[in-house]
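Below, subunit A partners subunit B and then partners subunit C, in two separate complexes.
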Partner chain A sequence: MGKQLLLENINVPGIETLSVYRANGGYKALEKALKMQQSEVVDEVKKSGLRGRGGAGFPTGMKWGFIAKPEGVPRHLVCNADESEPGTFKDRYLMQHNPHLLIEGMILSSYALGANTSYIYIRGELLYVYHILEKAIQAAYDAGFLGDNILGSGFNLNLYCHLGAGAYICGEETALIESLEGKRGNPRIKPPFPAVSGVWGRPTVVNNVETIAATVPIINMGGEEYAKIGVGKSTGTKLISACGHINNPGVYEIELGLSCEEFLFDDKYCGGIKNGKKFKAVVAGGSSVPILPADLFLKTAKGEPRLMSYESLSDGGFISGTMLGSGGFIVLDETASIVKNLWNFTRFYHHESCGQCSPCREGTGWMEKILNRILEGKGKQTDIDLLFDIQSKIDGKTICPLGEAAAWPVASAIRHFRKEFEEYVNKPEEIVDVKHYYAVNNLQQSAK
Partner chain B sequence: MPKVTIDGVEIEVPKGTTILQAARMIGKHVAPPAMCYYSKLDVSGGYCRTCIVRVTKGSAANPNPMPKPVASCRTEVMDGMVVENFTSEQVLADRKGVVEFLLLNHPLDCPVCDQAGECSLQDLGYENGAEKTRYDFERRTFEKIDIGPKIQLHMTRCILCYRCVHTADQLTEKRVHGVLNRGEVSEISTYIAANIDNELSGNVIDVCPVGALTDKTFRFKSRVWFTKPVDAHRDCKKCAGKVRLWFKGEEVLRVTGRKDQWGEVIDWICNECRFDRKNLSDWIVEGPSRIDPHSVISQNQYELAKLKLDTGEQLKKIKEKK
Partner chain C sequence: MSKEIRFTDETMALVQKMIKRYPEGKHKSALIPMLHLAQMEFDGWLDSPVMDYVASILKIQSIEVYEVASFYSMFNLKPVGKCLIEVCRTGPCWLLGAEDLVKHIEKNLKIKDGETTPDGMFTLKTVECLAACGTAPVIQVGETYHENMTCESVDLLLGEYKIKDARKTHYDIKHISIK
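Take a look at the complex of A and B:
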């Protein structure tokens, strides 16, 4: 195992309580940060090379640097804990077991940004985690880590936890802001960006749970030390939630730059494919990222071993690469149907589209219907090209990246596994999955 | 003031002008179609994506092209920006895709739709659409509902442009009109199933680009191309009183706001002028309305439209002009 910066104490009994968290070195980073200048804290994060862990990988220090600072206008830090991307469950794991790590990160990051009111926007389905966080926040208030004049530093912070209401789109940062303001969760049209006009029109930074948690070890060890972990511009550690046909599903903290082969096959991590089956494909960074066939996951098109890092996973662009994304790692073995998997993703995006812009609103539904038809064994040869064409007309033409998230899986599945689509279309009677499809679909129909 | 070049034509515009506005200042031959932007609304645009263009040069300071097509109604010009609209094959192809999406679930019931003849979607479809749909699934439908006694909403035809929502936001005090549900099944509705009892509510009919919001006092009375528009005014305490009367013979069949060359109302009008003043004696007639070649009611519109599609021709013309 590599360095465990976020999960180090995750299994310590009682770590969710303030006293055990403190006994294990908790709130040291906060104490240290409060003795620094605000700009020095920002500088440490810049030096660390930390990149947003919510999916896009945007450098966090740079994002913090963009925040507008008009005189007399409050600023806000919002933690994006809406984690709803299929395959991604790292934030939940972290918050559920070690809530104070996030809270400590929130306090020191708010200090760095000069925010006196901050929010954790948490996915509605995670009600039990919400209660864990609320309890931890109360404990932090009681201990003087929140509220007025924190640890005698003169810095004030109120931290609120806000429950979402079950919409994936509210994970998109501007939809999240709308929802936080009590409005319909529609993504805003940018610009202006949240750094200029976010919550209630005030300068706002939205960061992922893991991003904020990572500021704690960064302050503890110093940005430069943190930057020594990893490769190139992929510094530090990353949580990966691994699932699918593997022996050891779960959440792992890896040092960025770990070889893909080691991550998938080593017993310390995924432990290889379940039941001795063959490895077929992987969706390496949450359902939105392009699917990769086994060979292209293990080696890049140039034949170099692929690494778990932002750069290496995206090597080859979308033709032969993918993205690190949010770290949702879904492994498919030889028995898995790519078409069915795609149908499931597409169904999800169709259901979650907010409906503001025409390409995503109409295109996602159309793609799902075509995939439905193909799975039913009634697909046409032309459906495959049609699907590809529809996704290309969504890609890049929407208000928010959900449109792309719906388009990329379709493009990559057809690009790499066209044969499977053709089998469905040409010899539906030979595909066992068609029967399965009916089972799933009947279930769905009876649920209506 | 920033200078921007659109389809080869340069123009200097005030800071804060959007690409769409700059294109409209140049003229029809470079202005992208806009189904959701509305110049009279404080907030609008960004939703339909028909106005997308390519920015091939971001600005003089940062000459990089923008990686994705942008919504021209929501993108401000920068000094030295270069934009391609009708001169880019890619833009036309992208727009065609958007139009296909807009028409995907549209019922295409033009023969029985009051909007036919002055429908922006009809025009858009004619200019940018395909001859046949590739969509062979059932289209979504909704029940018709009444929004107050004078307005009918037929959601099945709605393209979710949000114009009526922003109009209601801007013109009415209590917001009871908005979007319910999500995604494909979003619908425009009244949050409270009560009458919209507001003096200006009728304006949502004028802003609706399609036949989703219609005037119940005019429904099924006549095809619009059989009626004759006349500009008229009256002394009204609630609005500017500047309207357009639509005659069939001697009879005023309907009253609407006056629309500009982009098909957008010039002044909001009140419900009294719109619904309750249908006698010629109520009005001082100014003369026949000039209808810009915007819609089917204007003859030869489609001949012109064909020209627009011919990008090679378009390019040549622009070059000749230079």
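Take a look at the complex of A and C:
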């Protein structure tokens, strides 16, 4: 195992309580940060090279640097705990077991940004985690880590949880802001960016749970030390939530730059494919990123070993690469049907499209219909090209990245597994899954 | 709905605290948390008089509540059973057998996805990714996640919930104090 910065104490009994968290070095980073200038805290995060852990990988220090500071206008920090990307369950794991790590990160990040009221937007389904957070926040208030004049520094902060109600799109930061304002989660047109005009028109920074949590070890060890972990511009550690057909599903903290082969096959991590089956494909960073066949996941198109880092996973662009994304790592074995898996994801994006942009609202539905047709054995050869054509007309033509998230899995599945689509189309009687009739009919009925 | 729609005093106090979490004049932000409370207090779903009531407390138009309630999948706009069984149907859960679970529950309860048993006890609903893919397939009942589910464990689960009012035992936003 590499360095464990976020999960180090996750199995310490009672770590969810303030006293045990304190006894294990908790709130030291906050004490340190409050003795620094606000700009110095931002500088440490800049030096660390930390990149947004929610999926986009945008440098956090730079994002913080963009925040507008007009005189007399309050600023806000909002934590994005609306973890809904299929395959991703790292934030839930972290918040459930070590809530104070997030809270400490929220306080010191709010200090760095000069925010006096901050929110944790948590998805509604995670009500039990909401209760864990509320309890931990209360304990932090009681101990003087929240409220007025925190630890005698003169810095005031109120921290609140805000419960969502089931909408994938609210993981997109401007949709999240709309939702926090009590509206439908329709993403906003940018610019203006949230750093200038976010929640209630005020300068706002939205960061993922893991990003905020990572600021704690960064302040503890210093940005430069943190940047020594990892490889190139992929600094530090990343939580990977591994699932699907593997022996050891779970959340792992890896040093960025670990070899993909080691991560998938070593017993310390995924432990190889379940039931002795063959490794077929992987969706390496949450359902939105392009699917990769086994050989291209283990080695790049140039024949170099692939690494778990932002750069290595995207090596070869979308022709032969993918993305690190949110770290939602879904493994498919030889028995999995790529077409069926794609149908499931496409149905998901159709369901979750907010409906603002017609390419996404209509396109995702069309793609679902065509995939239904193929799976039912009524597909035509031209359907495969039609699917590819539709996705290309969604990609890049929508307000928010949900359009791309729906398009990329389709493009990559056809690019790498066209043969499978052709088998469905050419030999339907041999391959058509009876189950699918059931599933589709059922879902259509429930939609009525 | 014949009875008067009104939050209990305890819930009302909580609503007032929730509204104070947002800046003055921005109280509409409390809408989604309030709809959760309303759904819990008024039989697990949002009838239009309930939504009108929420609008009146927040001093906003009813349409502002309807458009939000209809957007988010957790808000039920039709009556549901006392025990809402939510089966994750996305990606990893589907890959690891959620489809079989749905089929099994449908057979067992003699209802289809989205329907409620005639005795008003169970509603089956398939939902999107619950962020528990490592322990797939997952079923959520009230606040509780039931992980690594099989047809056998589903039977046990249904048996357990048959003897208690799941919503009252499990789905309670109020059991925590709000500062």
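Note that the second predicted complex is superposed on the first by the 433 of 448 C-alpha atoms of A that agree within 3 Å, B and C clash if a C-alpha of one lies under 4 Å from a C-alpha of the other, contacts with A are read in each partner's own complex, and residues count from 1 in each chain.
We take it that a contact is a pair of C-beta atoms (placed from the backbone, for glycine too) under 8 Å apart; a residue touches a chain by one contact, two chains touch by 3 or more.
Treat the numbers as computed from the prediction; the structure is a model and nothing was measured.
With both structures placed on the common chain, the touch criterion links A:A167 to subunit B and to subunit C.
In the superposition on chain A, contact of A:I189 is made with subunit B only, not with subunit C. In the superposition on chain A, A:S358 makes contact with subunit B only, while subunit C stays out of contact range. In the superposition on chain A, contact is made by A:T398 with subunit B only, not with subunit C. Of the two partner chains, subunit C is the only one touched by A:P74; subunit B is not.
Contacts of A:G25 after superposition on the shared chain: neither subunit B nor subunit C is touched. Taking subunit A as the reference, the larger set of touched residues comes from C, when subunit B and subunit C are compared.
Once the two complexes are overlaid on the shared chain, A:H350 sits against subunit B while remaining clear of subunit C.
Contact with subunit B, but none with subunit C, is seen for A:K369 once the two complexes are overlaid on the shared chain. Once the two complexes are laid over each other on the shared chain, residue contacts for A:G232 go to neither subunit B nor subunit C. The intersection of subunit A residues touching subunit B with those touching subunit C, taken from the two complexes, comprises 167, 184, 351-352, 354.
By the touch criterion given at the top, residues 74, 83-89, 91-92, 117, 123-128, 130-131, 134-135, 137-138, 141, 158, 160, 162-168, 179-185, 200, 241-245, 249-251, 283, 287, 328, 330, 332, 336, 341, 344-345, 348, 351-352, 354, 435, 438-439, 442-443, 445-446 of subunit A touch subunit C in their complex.
Against subunit A, the residues of subunit C that register as touching in their complex are 21, 23, 26, 28-33, 35-36, 58, 64, 67-68, 71-75, 89-92, 94-96, 99, 102-103, 106, 112-114, 126-136, 140, 143-145, 171, 173, 175-179. On the subunit B side of its complex with subunit A, the touching residues are 45-49, 52, 67-69, 71, 74, 94, 97-98, 100-102, 104-105, 134-135, 137, 159-160, 162, 178-179, 181-186.
Subunit A meets subunit B in the complex at residues 167, 169, 184, 189, 350-359, 361-366, 369, 386, 392-393, 396-399.
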